[in-house]
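Each of the next two complexes has subunit A plus one other chain: subunit B in the first, subunit C in the second.
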Partner chain A sequence: MSKFTMTRRGLLKAGAASGVALAAPMSFVRGAYAQDFCNMPTGGSVTLGFNVPQSGPYADEGADELRAYQLATKHLNGEGDGGLLNTFSSKALKGNGILGKKVEFVTGDTQTKSDAARASAKRMIEKDGAIMITGGSSSGVAVAVQGLCQEMGVIFMAGLTHSNDTTGKDKRRYGFRHFFNAYQSGLALGPILAEELGKDRTAYHLTADYNWGWTQEESIKDATEGLGWQTANAVRTPLGAGDFSQYLTPVLNSGADVLILNHYGKDMVNSLTQAVQFGMREKQVNGKDFQIVVPLFSRLMAQGAGENIKGILGTTNWNWSLQDEGSKAFVKSFGQEYGFPPSQAAQTCYVQALLYADACERAGTFYPPEVIKALEGFEFDGMGNGATLYRGADHQCFKEVLVVKGNENPQSQFDLLEVVKIVPREQVTYDASIFGGDLGPADAKTC
Partner chain B sequence: MDAILLQLLNGLDKGGAYALIALGLTLVFGTLGVVNFAHGALFMLGAFCAVTFNKLLGLEKVVVDETQTTAWGTALEIRTPYIESWFGEFGSFLLNYSVPVSIIVAIPVMLVIGIVMERGLIKHFYKRPHADQILVTFGLAIVLQEIIKHYFGANPIPQAAPAAVAGSADIGAWLGLGDGLVYPWWRLVYFGFSAAVIAAVFAFLQFTTYGMVVRAGMRDSETVGLLGINIQKRFTVVFGIAAVVAGLAGVMYTPILPPDYHMGMDFLVLSFVVVVVGGMGSLPGAVLAGFLLGVLQSFASMNAVMTIFPGINQIIIYLVAVVILLTMPRGLLGREGVMED
Partner chain C sequence: MKEMLNREPFALAAFSLVILLMPIWLTPFGANYPDLLQKFAIFAIFAMGFNILFGLTGYLSFGHAAFLGVGSYAAVWSFKLFTMNVIPAIFFGVAFAGIFALAIGYVSLRRSGIYFSILTLAFAQMSYNLAYSVLTPITNGETGLQLTLQDPRIIDNAFTTPGAGLPETNLFGIDMSGYPGFYFCAVVLIICFFITRRIFNSPFGLTLRGIKSNQNRMGYTGLNTRPYTLTAFVISGMFAGLAGSLLAVTDPLAGAERMQWTASGEVVLMTILGGVGTLIGPMLGAWLIKYLENIFSSFNEITLEHFFSFLPEGLQSFAVELASLFVGEGWHLTLGVLFMLIVIFLPGGLMEGWRRLLRRFSGGGGGKSEPAAAVQPAE
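Showing the complex of A and B:
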């Protein structure tokens, strides 16, 4: 018969061993704990929700986003040429779906209206079992859907949204933005404006009277006034004004020698076309050539402005003419599938879909708090925008920003923008605290 | 002074479009008693007549050049418009003048669309309440919009003015106000065009027998009917003419505003305000109110005005409508008895 004795050293050893034993299973089965999160995939497939504008003013942009998502789904499932899976610095994706589950998708129509976008996202989560929502072409929609996703515990990978608020005062733990923002446009564009147009300029802003327009105006004003430019006036124009003539004629007598159009989409097409018709491209003010600047350019929208965009400066998130391996691979895949090059909206959406899938693979689970952790602070490359960081503090991607100019000698109907400068990431990086906001909790939810 | 002159021109220009749309709306309302919410869609369809004509003229011969490739690895396609290879310089001229030339195409097309719309749908709603007429015509407008979006997409499609009138006119030099006061040529053309169309419609109603019968029918269709005249048939033609007027307004507006499927809706609401301010059923009232509201809207957007009354530019039209309806309940030139039963 043996006598059981416990020494102090033995007790400590036993305690440490049982601690390790208790902790070990958690690290092996972390995907299996907390089964009750919203839309936990149980079968052989996983459903993603693509919420894009299929009707309304941005329907063409939405159609391009959807094409990109369909292509991303194919590549994730191992079909096609693999696209950016071949150039992506993370090699977690194997072309066998996500965590071995086949990727399927459902779509919703945001109509570029916040309430419609929330309703379609809700439907995809509650009825269709979407584990992640992505897409959109408006900051109002992005902020609204991001709020919903935070409430429901479903990750939202934003599409095209440029307002500072998306990852600023309205940032959410469950929301992530790959697209750049108005503040970064200002940081990138400012020095180029000084280089190309000089430091002694007077600007006149026409600004779309809603959230995105205000943040863009503020950002560009900060940047240009920092260069020594003056601001003659900043006039708010109603969204969808159509005819901007009554706002353009005061510019002619204001003493301004630069017109900055803080407009997007149809408003940009109309205001730019009409500014050119009013002879602003040929005008001389203060002994200098009058200039027009469109801080946020989109190739799809530029098509609507036709000849008028030639020589106009602006910024963009990505352009198909880039020659890095990631951009070339994406243009090739998309072009061969659809017969024309992708837009910046398509690129950001495609990348967002891949980034989500990759984060699940790296986390080893679909459990949202773990996926969020995998995305926060993630450094990657090979997706067409150079070395990129998904900053944990605000869920904003930091990467190169393109300063572009309307192409004077286009070689094709798609060759509308010429890259003037690829502004390095360091130059467009800012302190996350300047916009305030609170990410909120990462707690998983049931739905 | 310069700023006031430019805003006056802007207002007249915009007023021209409002007046043309409101004129058609009033013609339809005055003859058939229908409040046609699809009238803005007719303006949009007119604009798309110009787009379609331009696309047809621009049909291209595609030659695949195997020696060159696109960025996505397919063979490069070299495109040249057929019309240029067939007709040489005349083809280039047609392409350059496609917007004004498309008027010739738009007139019969819009006439047919108007007549088909009236005979095929709207005539079934004459005896129904105004609310039903509004609902069915509004629904029709949405259907037409969606059809256009399906075929042409949602993005605006730019249409160039002919090169000769694409630039700006030096109106400062004309008026002895010094250099630098310029105004787009095409907007001046548009103002002249809208004045000409308005004059033609009034001349048709005033100086032709057909027009006289229509005017009599607008006053008392029952009596005209008792005289053995098929007034309904004439009213159908008037509906077609209203469609043509709206369509032509749309065709010529395309170089000013790149057309998209939604452009009719943007003008419709304002045009209804114009009709109400001018006086329901009054053609001169519609024209007068169109120009008046266009000019007021432009002046309200001047910086000096907006500094004193921020946001006035967005509400001026509705504010004026309220004031006029409070002081003159029938509108500027409204007749007694219209929509008062």
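Showing the complex of A and C:
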């Protein structure tokens, strides 16, 4: 007999040695491997990073966003009733995770501060291995995190951010926004204002003194002046001022008959409440009823302002009272899970998570340049906003915008906004070049 | 052993070893990733510099974040205008923070005690508001100053053609993100430790301590204390500027929040937590706070469920409920409780705890041979 006998020990040794020999070149040629990129998922799961404000002025929105993300994770993994997977026009998602990998997530607190948001996003990318970052409830944070994600080669799906800059001058190849922007608010709101309030009005702006406030003031000013309105004055108020009386007193003597509040969150709740307490809505100026307009509305804000929002006009990205299939399905599964209807922040975040997952499925890979390609120019429907386009030129979604009004006779504590008009997509579409900016390259990065 | 540690080369070597090996010994704590390591090094510099003012002279500045912010803005502008090399950025960061500190210190140091604190707080708040809105063309307001593709970058563009996408900060070709960024910050921290140690042991440092224990008496002995306090203020402002520019080096963005009063308060907390007037106490305090901020805030209920999975069902959900108060968005609560405990039971901060431990273990009876350790410098 030959001495070529095989022992168990020998077999193990040989197996280990050949394993090492096979694996060694792989680790040497990693850089050359085409699909090697930051946080490439290798195991049976894929990690998403949910970066939302858990403390600070937008904590309410953040909490709702997180609820939506958790719901989206469930639906992607095939738990629950599937939510919008059933109504989404793309049928690539099967409810078996993303590309067969189970979806897991990590969370972080942005504190509504650019620094904290970037630190928390970096932790998710560097330590927790997140392949995509999503969330945020402030344009400053969105722009800052988007810049970071571009540098690190990780896709960023923006949450609630309304400034023109996010997909305007600060747009990035790795950043995508489903939410609408201030410019679209202006385009949608303008004609309705002319219809409801007439064409010879004089407006007075109170504006939150930061990036988002300015772009909104500018957009609304453009839109209203285009109608033939005058602008009496535009006054900047510090963020989080609390007491707006000193800014409100001059309004009635300025000859203006419309007050436009470019405020969001708690600022809007305070300024609106105080304006109503001043008796502005009972006043007559220039022979017309004095009016207040809040260009960016949300149900969470309406809840804070209570009675005072009745009859006040504004725009919103989405409202739970919509009756299309997508909205109904989302409200149903969110309500079953948490016991109350979702906010617009929740909707946009949920949709963003699904859109990313779907893009990976359609691209057949997590490789970011391919996923970006799948998202750019993607046309879809069934997510509650009607037919929607992810424009490739600036990564902004184009869809219907809702003009809403504070409900005069609410049926429940959530029934606060009444949809005045669903402004069609064509009317809020604009040329991508008007804001400048540059998307930059889509090259994958290693990290 | 103690003798040996007090000798400069040994102290430096031990310190360097601890800092440079951070990626290894922090792994079990889940803190070994570049961003947090960089923050550990940078905020250690910030707190160390703050301690030169507060620990040595007793002047409590409530506006140190302003210098951090100025350092960051100066550094980012250097990246935008001149070159992505970090050396000029750090130079400008330190220089501008120094000039700024000179101006603010000149005015604020006319008063002492609470009035000084309020003055510095007012200046910092002013800087914050200026950066947030009025100076938007320079600071880019709330969005924060970022690099763009249209930046002139005259030095870089004179020698190389820019590639697609944003360039990265570098030290003569070494990218300053990730671990190289940490090692760069670590080396700067070691240099800062050396300088601080020298200041502590110098006649200048002694004078500052004299000012802390009794400024009037120093005045009566014929010493004009103002230049000394002003020097300490400027040095400490420059440390803050250095920390600010390093923040920009590791992540080229400068936001106005860096100047907010909460950021100023944070460095006071770091110093008090670690031990006021001690050499490495403020650094420990900085690490503790940054660790809580970054790691504790990331725990969510799923992490907790996993952590408590060894408990029976009912007990597990109870433990998760209870613990979730202190993690995630509740990390501020943990910090508050910790701060209270330390201030009440260890007024000298973590360093006092360390000294007490040392005394206990160096033999209960033979502990008399350590009078030097019992004396708290400048306390």
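The rule is short, and it goes like this: the second predicted complex is superposed on the first by the 413 of 447 C-alpha atoms of A that agree within 3 Å, B and C clash if a C-alpha of one lies under 4 Å from a C-alpha of the other, contacts with A are read in each partner's own complex, and residues count from 1 in each chain.
Here, contacts are C-beta pairs under 8 Å (C-beta built on N, C-alpha and C of every residue); 3 or more make two chains touch, one makes a residue touch a chain.
As the structure is a computational prediction, the values presented were derived from the model and not from experiment.
Overlay on subunit A: subunit B and subunit C fit together in the combined arrangement.
Of the two partner chains placed by superposition, only subunit C is touched by A:K127; subunit B is not.
Within the superposed three-chain model, A:G306 lies in touch with subunit B and out of touch with subunit C [touch as defined at top]. Judged by the touch definition given at the top, the superposed model places A:Q277 against subunit B, while subunit C stays out of reach. Contact with both subunit B and subunit C is seen for A:P238 once the two complexes are overlaid on the shared chain.
Within the superposed three-chain model, A:A59 lies in touch with subunit B and with subunit C [touch as defined at top]. Shared-chain residue A:D109: touches subunit C; no touch with subunit B. With chain A fitted onto itself, subunit B and subunit C come no nearer than 5 Å, counting C-alpha atoms only.
The residues of subunit A shared by its contacts with subunit B and with subunit C are 55, 59, 238. Within the complex, the subunit C residues that touch subunit A are 30, 32-36, 39, 129, 132-133, 141-144, 146-150, 164-166, 168, 177-178, 251, 253, 255, 257-258, 293-294, 297-298, 300, 328-329, 332.
Of all residues in subunit A, those touching subunit C in their complex are 54-55, 59, 106-109, 113-116, 118-120, 122-124, 126-128, 139-140, 143-144, 147-148, 150-151, 165, 170, 209-212, 236, 238-239, 438, 440-441, 443, 447. Residues 55-60, 233, 235, 238, 240, 242-243, 245-247, 249-250, 252-254, 266, 269-270, 273-274, 277-279, 282-283, 300-301, 303-308, 320-321, 328, 331-336, 339, 341, 412 of subunit A touch subunit B in their complex.
Contacts from subunit B toward subunit A in the complex involve residues 2-3, 6-7, 10-11, 13-14, 70-74, 149, 153-158, 160, 166-168, 180, 182-184, 186-187, 255-258, 260, 262-263, 266-267, 297-298, 301-303, 306, 313-314.
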